[in-house]
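The block underneath contains the structure these notes are about, expressed in structure tokens.
We just call them A, B, C and D in the order they show up, numbering each chain from 1.
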């Protein structure tokens, strides 16, 4: 068993458990750390971070790698500080993690770490967008008191998530309008049988509104014609795109839906990370 | 306000609350009973059963009308016995309810009640099938750790629910196989891009299996090649079609999913009941 | 080679050529007659009707079996009369054909023929409906000067063909309205994201109208608001459902589209006939 | 009527007739030239090029603007040379055309022409891709002897046309494999329920193969396992991506399908040009 091809999965949530299991399923030796007591099927065991670093040539950090200034490791018994001791564990390793900038900013020692950020890979971002869209559909099925089939839905934004969401909602029989800006998005939306709208006041009432835009697009004026009780799902990162105060005033129901891939499809999310890491290893 | 066109909605769950609200939205006078303390927007108020009967010419019972020998009224403070006193409330009224046979069997007084069973209406059965299929999709999105898009799903049965489910799963990007019996179902499945299978041992492993058949089709032998942890959703009425003991032995994960329309889409389910009652009133 | 399991394919068009080829591909001995000079790959040859009858225990007649009083055999060098000589060829054989009633009415000798009409099989009717729908889509792509994606289409009737057509048009990104009568059809159409309409005057202008109803539903009044040049495809059997005189007056463009399965998908249509015959043989 | 806002549509095919009609429908004064004898409804008339230039401040050239060294004007009575006299007509005008490079190369006078190439606009390229995909589907429905529903299709390339084509084929019930190169394309294809393949030998036989790649991807080796008679549609510009000699040797049936938007959806193609020109005018 070569150190150079032994993976250490350090921190994270259920996605990382599936990531470790999937790497092991491909035949690699894999250890986990800070991921709960046991280790997924096929893995070699769970180790403290120092021992993990001693045995593994490739270290996989979670997505995002840090949360509130410590390692993103909700399954660990105690917070793991991202101090210089931590960074020293990574020296001489090949390190892959998601959203590494905050870590890099925290210590100049990072300059000596050989690290890649997998959250820059288009295939991972696209795959996550599909998982987010499917999760949003699942959430809407649970939270909306009617059925999506035959309902009238609005999606704001026609980026990665908006595209996947429009297709999924159409696939379930919803009527889909979508707010977009670019002429090219209007063209595609029309061809798909969705109605493109400019941003601004929504003239029609909707059954469910999905916001994917991390900018204030669903303002008080935009929302003023929506009916009491209308469901809004906030899919964009905080502070999102919905005027919460106005929504409360109009009696609209806003549900925050962050991190859907990790919550509703950890297996697929973990496998997407694996594919991205493999692709980066091949290119390196 | 004429007694003859005043609706009394008696018992039931959130579907009946939406049913009452929707009737009121169409302009009818509506009272509720045994549906919690308040009354939905637009309704005239909540009354005890005796007073409801005094003021309403049309009485709507829930779906199913009875459960465990009493009125199906989970929101009522106490069980409502379906005794002769109850039946007397219905005399001289136009009564609509779902699955009335058990009530009718309980008392000969029913012969004098003018009652229709709305659960015989094809449009309601079909509509409920679509709600069940969408609910099953929502459940699978939550319970399956991967994503339905790109997954391999099996549906058993190509009746009302099976048809709606195959279409919804395809619409989300799943690969769908379906067990069916009739040559005509094989023809349609092929045309839709689903793979039709005869019942018997499943040769391929699936990610999610949806059973819609109320007969033992997913036997130990049928399930013997499925992988540990595979998700099975039981959509058929008890005892369903899955050999539970075998599923446990193979490490499969079975989730019971009864009553999805009422749980996940009470608004649409209530409106379907309203449409069925309207159609029966027109025909009567 | 047993006479009892030797197939003779007698008359018909390209569907029957594919039928013969497909039977041969399944390992059966197959002769053809009145289907052009050669014989499809795998078949044993082309024979005159009398010799065909001498060598084959199973005779397959076309769909429809007769046209204009003679055998439906456009590839034959001369018309084949359906006289008593013809019927005598069938005596003692197992005969399968489509729409046999006109033949049966023509001679009392038919009472002695052992014949089955495969055009009564639901799987064949359903399969043909899918072929018709796909053919209608192909025709509309060629004849409509715009694109179906993003267009506004009307389908009249929600029977076998209407159902398949609504699904196919939605699949290409069209907005689909559908005229129907039954409450159950309204329910399903809504769930699929199509707008159900009652018959009567069409209030919206459409880009393409597909008629599947063999009764006068697209009357002058119904069509009065359609725009000059609007395309109408007549899919129902003559006289169809479109008021031709009114359509001409309003400048609408009507295209007759009979027999689409045979014209645009003869291979699949032939295989559907084979499947139906096999199923009837098993049941007999 | 201001010269500055008067459109002259010069040369082209039915797309330009619809373009002129659509501009007129928006209220602009429009003349046509070299587009047949008449002029579409709402236009002011057909003029010779010199008079057109005298009356119009905005000149719209076709897509492509030139063909075989002359103006692309199949409806003109005689070829229009693209000589210096022609270029002089454009001086002082706002000129919009498609694929202008060959014209620009032909005369230094072009440096004084104020011209924009609308075939660089992403919304037009995307819209054309959807029209091409739909046209390819229509062509396949006509040319393939089976039905696309339930068939096995291969698409090569997952660019604009490949994406639209995969979605349309799935929408009609086909099973779709797609050759692609980028990891991100594999991710999206899987999420959509299509099977992604690397380029190379095709191991499975297909019913219809759609090539969208203008590079030799369907080589003799790639095609060696395809069945006699398999249909291949060449959608890429010449010389396309199919080894014609090999295809002939294997008995495959290759159909060239260039210019589908103009041939099968001239109305939508003309409107896409109009939208692109409007967007360029706003930005200028």
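Definition applied: a contact is a pair of C-beta atoms (placed from the backbone, for glycine too) under 8 Å apart; a residue touches a chain by one contact, two chains touch by 3 or more.
Just so you know, these numbers come straight off a predicted model, no measurement behind them.
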Contact-pair overlap exceeding half with A-C, pair selected from B-D, A-B or C-D: B-D
Separation of chain B from chain C, taking each centre as the mean of its C-alpha atoms, in whole Å: 37
Shared interface positions of chain C, touching two or more other chains: 130, 147, 149-150, 170, 173, 191-192
Overall pattern in which the protein chains touch one another (line/ring/star/complete/other): complete
Chain D contact footprint on chain B (complex, rising order): 147, 149-150, 170, 173-175, 190-193
Of all residues in chain B, those that touch chain A in their complex: 14, 18, 130-131, 134-135, 137-138, 141-142, 144-150, 168, 170-173, 264-268, 271
Chain A contact footprint on chain D (complex, rising order): 121-124, 126-127, 130, 164, 167, 182-184, 186-188, 191-192, 272, 275-276, 279
